[in-house]
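Pasting the structures in now, so scroll down.
You will see chain A twice below: alongside chain B first, and alongside chain C after that.
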Partner chain A sequence: MEKLMKIDRRIIYIIGVCVVVFTMLYPIGLPVKISDLARQTYAAVENLPDGSLVIISPMYDAGAMGELHPMFTVFFYHAAKRGYKIVVVNTSWVQGPQLVHPIAEEIAKEFGLVYGEDWINLGSKPGGSVFLQAAVTDLWGAALTDYTNRPIASFPIMNRVPKITAEFVNACLVLDCGTPGAPTWLTYVNEPENIPLIVGEIQMSVPENMPYVASGQYKGMIAGSRGCAEYELLVGRPGKAIKAQDTMSSIALLITLFIVLGNIGYLTTKKK
Partner chain B sequence: MRKEGPMIVTVLSSLIVVFSAHFHLGKQLGIKDALDGWFLISICIALALGFVNLTAIHWKAIQRKREGWIFSVWLMIVMYGYAVLGLIQSHTGTQFNWIYQNIQAALSSAVFSLVAFFISSAAYRAFRIRTKEATVLMIFAVFVMLGRAPIGDAIWGQWSYWVNKIMAVPNMAGMRGILLGASIGAFATALRIMLGLERAHLGGTGTQ
Partner chain C sequence: MNLSTNPGIWAQAICILAVYTYLYKDNPIWRFAETTYLGLATAYWFVFYFHNYIVVFVKDNVMQNGEWHYILAIILGLMIFFRYVPSLAWLARYPMSFWVGFGTGYVLGFAPAVWLTQVRTSFIALNSVENVLIVIGILATLTYFFFTIAKENPVVGGIAEVGKWYIMIALGSAFGNTVLYRWNLFLSRANTIIVDWLGVTP
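This part shows the complex of A and B:
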């Protein structure tokens, strides 16, 4: 029984890999129940006025793209489906806009959106909170160029958004995995300018962001991969998050199993 | 003046920012906008400085053939090679972007995904029911973990409902306390820096 307490970590890793690969190759397809939070988040995006302009900010790098890429996909898809104008921009997380650009292009193509007219990628801008404060008073001056280094004044969509205020922007959809992130947007943009903020968080960041949802400062939140799977179902486009759910279930079960085994070993050894 | 100079700059800058952000006259003068511009330029200079610093450290390692110097060579090749490629093609260039999407992104993602395996092993070792508190912690951890995956609802239909309750009530209450404490702490630290009492950013022990 003592052996149960001292299982070699390499055995845990190997079993973990096998479980992940197996469930990816042979998904079980467990049903995903949709939570109230997912419905609230969906409604917050869905109920924006027709012809709205939304900012989608991928505040993350490659490390978090496993969880946040599906969220960007589903937010961009939903906004495109509703016919909103979309501005993609972030600050400090230099990889974000570059990583999401192919996804945005693909969805834009699907809906026949024209770059520079219906959507634009302004890229990543340095400065964090300072950039956000500058963008509130003068987005053109703060951003200067788009993702492809062309002056943003040359794009028709930018005539609609000279600065990030409630007059020009209907909502900000921020996906983050650290600092600066959604709370930074909330502090410098959304609270002062009274613009609805809807966020997507990696599972690890969900607990610390819950108070903002309860206080109504976030109009909605995609809570981790599970939350994204629920949103995918609501928007009618099952994607990578849904596919990941079986893997999440199996790895959660595996961890539980090891915890139980470890405790059986501990309790029996203790009694001796 | 090595310490007094930067301290005077810190105090003056912070007072100007407070004046510009919270007073009507300050907002009209727009001094903060100018300071924000300086800040953005400083970030770019810091990036260039980092580049030079990294080169200096690894160049020395190569010259002195320190342990693992071959990795320094590789770092220099990759850093300068990719920088030159970026300067030629810009970040939207085909090869530059291909390397970025297929090597950089894939490697970063792979490293982060290893966390799942470390957590599996760490949870196995850490969650032992040694005390009452540890038992409660373990029960809630397992309950929330299973409830955040579809398997929870497959076992019991109400599982995710109760997980959401746990997240929305006890978790949120705790997080609110932590957030309030951290915010008050940040405010106090900012005040200490402004008053010149906190000097960690100038080097040395940090407090007076």
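This part shows the complex of A and C:
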């Protein structure tokens, strides 16, 4: 039993890698049941008034794109499908808007959306909470240019949103992997301005953000990769998150097995 | 198998493999990847902020619009570099103290509304097992953090013990989610290696 306590971590890594690669190449097709939270999140986006303007904020860098790219895809796709005007902007996470731009362009092309009229990418703005607070009173002054450094006054869509208030913005869809993130938006924009906040969270941050859902401060939350897979089913566009579920379920099973074995080893050696 | 001819994908794949060599043990390939990343990231941030913010503000706001008060902020920001001059290092404290003071006041102005909503919504009707468990959890966990009350008192100690169990369950949940998140990151990188680089189709 002592051997269980001394398994080389590299053996665990190799087994994990084998499971990931095998389930990726040979999908099992495990069923994905849609949770109430996913339905609530979907409804929060779906039930916005026709012609709404939404802000999608990819508050992440390359490190989190594995989980948050599929969430950006479903949010953008859903908003485009509903015919909402879309403003992509973030603060502090420099790479976010650059990373999501090709995805946005592809979906925009699919729906015939025109850049600058139906959607715009304002890029990443420095300042964190200071930028958000400034954008509440004057988005034009705070953002200055779009993703390609053109003055935002030259884009018709910006006439609809001079500042981020409930009068001009119907909802903020924030993809969050750290600080500043969704709670920052909540504190400086959504709570003071009473704008609905709907978030996408990496798996790791789900527990700490659940209280915001329970309190109604988040109108919905895509909870990790699994939540995104459910949202993909609801929106009718199966993507990367659905494909990942076989692997994630197998890995969860494997980790559980290792935890059980580790505890058996621990308890047995403790008795001795 | 259809090996990619895209140099970007090759660079990604080689960097991913270089970084993952650390899982075996610390080695020069990993260190090369790490320092390359840090250098690139630092340069990227510097150029990004310089061209997208500093240049724009100086050119548009200060020079074109005559908003000269921005210069005060720039001078204050530059004062941070006095820390490299030992005899004048004390001047670097001014921007820091300004920033800390501003930040503290700023947060206190906005954050309580968010916290108070959390507090308000923790007052829930005890009409279900779930709600009862939530209320017990809140009270017991708060009791655990009352360090001014002696835990030797059997009642306080008992409640704090329940709070400790709640904390352990929450941490266990966070740990499980963290492990899954890390594997999800690996899945995304494995997809780059196997599908994008090697061209193996699932």
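The rule is simple: the second predicted complex is superposed on the first by the 265 of 272 C-alpha atoms of A that agree within 3 Å, B and C clash if a C-alpha of one lies under 4 Å from a C-alpha of the other, contacts with A are read in each partner's own complex, and residues count from 1 in each chain.
Here, contacts are C-beta pairs under 8 Å (C-beta built on N, C-alpha and C of every residue); 3 or more make two chains touch, one makes a residue touch a chain.
Since this is a predicted model, take the numbers as computed values, not measurements.
In the superposed pair of complexes, A:His78 makes contact with neither chain B nor chain C. With both structures placed on the common chain, the touch criterion links A:Lys219 to neither chain B nor chain C. Of the two partner chains placed around the shared chain by superposition, chain C is the only one that A:Thr145 touches, whereas chain B remains out of contact. When both complexes are overlaid on chain A, the residue A:Gly66 reaches chain B and chain C alike. In the superposed model, A:Gln203 makes contact with both chain B and chain C. Touch criterion met: A:Val21 reaches chain C, while chain B stays clear of it. Applying the stated contact rule after C-alpha superposition, one finds that A:Gln245 touches chain B and leaves chain C untouched. In the superposition on chain A, the residues of chain A contacted by chain B and by chain C overlap at 13, 16-17, 20, 63-66, 126, 130, 133, 149, 203, 206-208, 211, 214, 224, 248, 251-252, 255. Listing the residues of chain C that touch chain A in their complex gives 23-24, 44-45, 48-49, 51-53, 56, 60, 106, 110-111, 113-114, 117-118, 120-121, 170, 173-174, 176-181, 183-191, 194, 200, 202. Those residues of chain A that touch chain B in the shared complex are 7, 9, 12-13, 16-17, 20, 30-33, 35-37, 61-66, 95, 98-99, 102, 126-127, 130-131, 133-134, 137, 147-149, 203, 206-208, 210-211, 214, 223-224, 226, 245-246, 248-256, 258-259, 261-263, 266-267.
Residue ranges of chain B in contact with chain A, taken from their complex: 32-33, 36-37, 39-40, 43-44, 90-92, 97, 100-101, 104-109, 111-113, 116-117, 119-121, 123-125, 127-130, 138, 142, 145-146, 148-151, 153-154, 160, 164, 167-168, 171-172, 175-176, 178-179.
Taken in their complex, chain A has these residues touching chain C: 10, 13, 16-17, 20-21, 24-27, 63-67, 94, 123-126, 129-130, 133, 144-145, 149, 183, 186-188, 191-192, 202-208, 211-212, 214-217, 224-225, 240, 243-244, 247-248, 251-252, 255.
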